[in-house]
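Each chain carries a letter (A, B, C, D and E) given by its place in the written order, and its residues are counted from 1.
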Amino acid sequence: MDYKLDFSVVFDEMPDLLLGALATLGLALAGMTLALIIGILGVAARKSRFCVLRGLVIGFVEIVRNTPFLVQIFFIFFALPMLGLRFNPTVTAIIALAVNGGAYAIEIIRGGVDNIQKGQIEAGLALGLHKAQVFRLIVLKPALRSIYPSLTSQFIMLTLTSSVCTSIAAYELTSVAQIIESDTFRSFEVYFTITIMYLIISWMMMSMFALINRHYFSYPVR
Amino acid sequence: MNIIGPNEILFLLQGLKWTILLSAIGFVGGGVFGLLVALARTSNWKSLRRTTAGYISVFQGTPLLMQLFVVYYGITLIGMEVDAWVAVTIALTLHASAYLGEIWRGAIQAVPKGQSEAANALGLHYVSRTKDIILPQALRLSLPATVGFLVQLIKGTSLAAIVGFIELARAGQIVSNQTYKPLLVFGIVGAVYFVICWPLSLYGARLENRLAAAAAR
Amino acid sequence: MEGVEKWYGTFHALKSINLMVRKGEKIVLCGPSGSGKSTLIRCINHLEPFEEGRIVVDGTALDDSSRTIDAVRREVGMVFQSFNLFPHMTVLENCALAPMRVRGTKKAEAESIARKYLERVRIQDQADKYPAQLSGGQQQRVAIARALCMEPKAMLFDEPTSALDPEMVKEVLDTMIGLARDGMTMICVTHEMGFARQVADRVIFMASGEIIEEGEPEVFFRNPAHARTRAFLGEILAHH
Amino acid sequence: MEGVEKWYGTFHALKSINLMVRKGEKIVLCGPSGSGKSTLIRCINHLEPFEEGRIVVDGTALDDSSRTIDAVRREVGMVFQSFNLFPHMTVLENCALAPMRVRGTKKAEAESIARKYLERVRIQDQADKYPAQLSGGQQQRVAIARALCMEPKAMLFDEPTSALDPEMVKEVLDTMIGLARDGMTMICVTHEMGFARQVADRVIFMASGEIIEEGEPEVFFRNPAHARTRAFLGEILAHH
Amino acid sequence: ATVDEVKARGKIVVGIQGDNRPWGFVNSSGVQDGYDADIAKLFGKDLGVEVEFAPLAVANRIPALVSGKVDILFATMAMTEERAKSIQYSKPYAANTISLYGPKEKKIVAVADLAGLEIGVPRSSSQDKAVTDAVATTATVRRFDDDAAAIQAMLSGQVQAVGGNQFYMQRLDEAKADTYERKIDFLTTFNGVGTRLGEKDWNETVNKFLDKIMSDGEHAKVYEKWMGMKPPAFPESIPNIPFTVK
């Protein structure tokens, strides 16, 4: 067994890898943004008066949280076209990430909303605000602040999960890496390198989240 | 060949057997190493704490898929000869130990300080203090999160498909390709995962409520 | 307020309450814990629905339609025991919020209204701080200013001073006295008997969901008609 | 205990403390909150390390080696304000644990020791319950029994009754008085002056990390030398 | 391990495809089966050792051999110059035609017609290389994990054509009869047995074995069983792909 580590072939492909990393970042950010929106709307629906709507949200959350992402993305990519819903790999990836992240976001944000003191809501109502306004203006921000750490770590996991999108031939870091691997057969070097790149991506995400935290949630609490 | 008959179901069930086996192995391995990680993470020895913090941050900061690949291809480079499933086991163990280690670290630190002080004052040593006093309480506190992670791990084993393992997700893909009924097959596969994971999730949520109720008392 | 009845499940929280409050009148509600004081004033702006009876506020009869509820809430301000300021907004934003969102006032105008009432409760220099940076007394004064910004016709207070340290009670009571002097209609749950003596037109004593006794403060305090009232007064005066 | 000094960061928590406790002596430590009483007794069994000075317990000088720390902890029992019973073990298991793990006593023997001391604190019939099923006073008596099971030469108490409801204080104090009668060496942080009068050989008053005054209880209470002691005594006696 | 070590051990670990019917696949009773499996079993019999199969994903075949996870590859390895730099091929023992398949109603007769289409291929396969070389940047090549996914992608309409081997037609017909057809033949490739570079003992043993089964008719029997056709004539040499260790 004379296998010598040789990273040069990997570094030759660095520009492609960086583009792939950028694509991963794009998928992740798009997925996260949609997931946050799904999360907020989902919680609003979960708290609404209509029990059908509440049931749908609960069903959605439980199904998504208890099945693997790989199966979800296969389902969207290979199975939904049978129902006439066809999306290209990139769109499929974003939808899958949004759906997956959204289900977790609903659960997490709901926890935050439940922790808001009833008095806050009553104070809003007593001022004459409507229920929807109370949710949007008074409940949401403190709720998000209180669950911010778990939400962001869930989003980092989502970013890492995006590597699975290679299975439907979406363009992102892992798929770029696999093409390089199949050209060079330098499997270990390639995967080791992009593992480091993923690590850097998650560190970048963490600093981004910290920045957002400082910007939006920096109001003092007791 | 175009219908989903007993053969196909049997094939899926064989995949399921692997899914369960891989999950069990990952959970046991991750549990043992995770415990060490948690203890190291809460030790008095600063460099040990730092090292394990780094370990956790690396394994929580990279995709499980990459961990599978790197271990799969990397392990032979250090001169060991292993089967695919050993590599998958190692990768899942490393992955699970980082997550469980972090969960249990939190739980260990959530045990009131008075408990370890009382143990100290009684003259109990590190081993007895940890084994008899801290861990039983910490494990109880961490049970909901631990069950939650078990669900993640079961779902995570589906990635072993990508390194060629014929577990449930992969079996589903193969059957889908033989029967040309992806909607149905992925539906079934999803349902099987759901049937395994959902009771666990519910159990975890119930434990959490019970802990919250106990804490509120 | 006529024949109002309210149940929590099987618990009868308010028992045929009849109460007329005239414009500009100041009412102090007192009574033992659990007697239904909070429930009563929370029914007035429909924070709690009620099962029987009628509540008419400034000509609007409260039913369960959101139109009448909105109309009443716009005209009736409320101040809570636990302040309930919004922690993620500055003092100014707390005060300007409702005028902007409920009345549709422009931001600049809403803020000038807010500043006006912050000045009224003498806290204008804290306008850009967050609630967590204020003392309890200051927070409660902001809560009062916030309610005033809607320029309500009446104000409800639910034990506004009971969560405060003793040093801060006075600054809040002074603010409320000022408000009373300016002719605001007020219903106030409080055990501050000094305040009741000074401003109340009527003191109402509740127990077990019923109005037991009411009267002018001087009469009420000197010569309570009921044994329960006497027992209660004896107790709270002993604490001071 | 000679010239002990202790810092928390830049905060000087104990300032050259000198203290000699004879065998069988009962000491009561008192002083205002934050004066360093807890810190002092926690230094004795090295729950807190200290920076300067020497502590010698029964001939063993405490250094940072785990050998001397273990030796001291085996001989000195401690009872905390918040009981700190192990919630996942029965009362009996709580008591039998340390003899088994530290002294290597067999289980059966450890349990018979445990039963003996549970009887001593008159709680033998609760042996199979869990701590959460006991009242505060019972829990504290279990905590005392647990410490006694190691058959220590001395006992440290850190405000053993201050987390208890008034009705339960007496049962714990009675247990401690019994212990004192049997000749146990005790250092006790407490503000129960009745207890101090009854059992203490010496009362020590601390403030700002220093020992300000010490003396026999009668002298100490009747005739404190320092102004701070007088102020402090005046305050705690007023509360009772 | 060397040939002698394997003989001494009494067991050979064969890298094979796990889901590439009819070459190498795990049948519904969970046993490794297929053309490669049968040839490998003959090889094992020839050596007098037991055969253990290690099913590999397409992309893992070479790494598994190079890193020593398997002793030898009977893994539908098309012989390419590129790969010949990483592994040692034997003489060819099977042939494979790489073609483009697409829906009948779509007019595709030349490579130029592919412009703007999405074409599915299994990642790192010969189809991948053939299609990528042919279309360059005029079409989008979508690389899936394996044949199954590529075929599924076309059935789902996610790609408009797939690059496949001679068996794709049968599988496409099973799925949707009369819908798809073979459009363009890219090339015929030959499969060789893969061993590690420079390991002369393995290479010679395999070549001798292949000569034997081709002359005594065993090879043709297996070939017909799985391929449904007689074995073609195999070339004596292929440029830049040595069949023997020099």
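Everything below uses one rule, namely that contacts are C-beta pairs under 8 Å (C-beta built on N, C-alpha and C of every residue); 3 or more make two chains touch, one makes a residue touch a chain.
The chain lineup, named per UniProt: A = ABC transporter permease; B = Amino acid ABC transporter permease; C, D = Glutamine ABC transporter ATP-binding protein.
Being a predicted model, the structure only gives us computed values, none of them experimental.
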Among all other chains, pick the one whose mean CA position is farthest from the mean CA position of subunit E. C
Leading the contact tally is the pair A-B
So, what's the distance in Å between the C-alpha centres of subunit E and subunit B? 36
Distance-wise, how many Å sit between the C-alpha centres of subunit B and subunit D, to the nearest whole number? 45
Centroid of subunit B to centroid of subunit C, CA atoms only: how many Å? 54
For subunit D, residue numbers touching 2 or more other chains are none
Touching at least 2 other chains, the residues of subunit A are 1, 3, 78-79, 82, 166-167, 187-188
Can you tell me which residues of subunit B touch two or more of the remaining chains? 73, 76-77, 162, 173, 176, 182
I'd like to see which chains touch which, written out pair by pair. A-B, A-C, A-E, B-D, B-E
Report the residues of subunit D in contact with subunit B in the complex, numbered from low to high. 45, 47, 70, 73-74, 76-78, 80, 82, 84-88, 97-98, 101-102, 143, 146-147, 150
Quick one: in the complex, what on subunit E touches subunit A? 59-60, 62-63, 66-68, 82-83, 86, 120, 123-124, 128, 142-145, 149, 152-153, 156-158
Looking at the complex, which residues from subunit A come into contact with subunit C? 117, 119-120, 122-130, 133, 137-138, 141-142, 145, 217, 219-222
Over in the complex, which subunit B residues touch subunit D? Could you list them? 112, 114-115, 117-125, 128, 132-133, 136-137, 140
Touching residues of subunit E toward subunit B in the complex: what are they? 18-19, 26, 28, 30, 54-57, 60, 63, 67-69, 145, 147-149, 151-152, 155-156, 171, 174-176
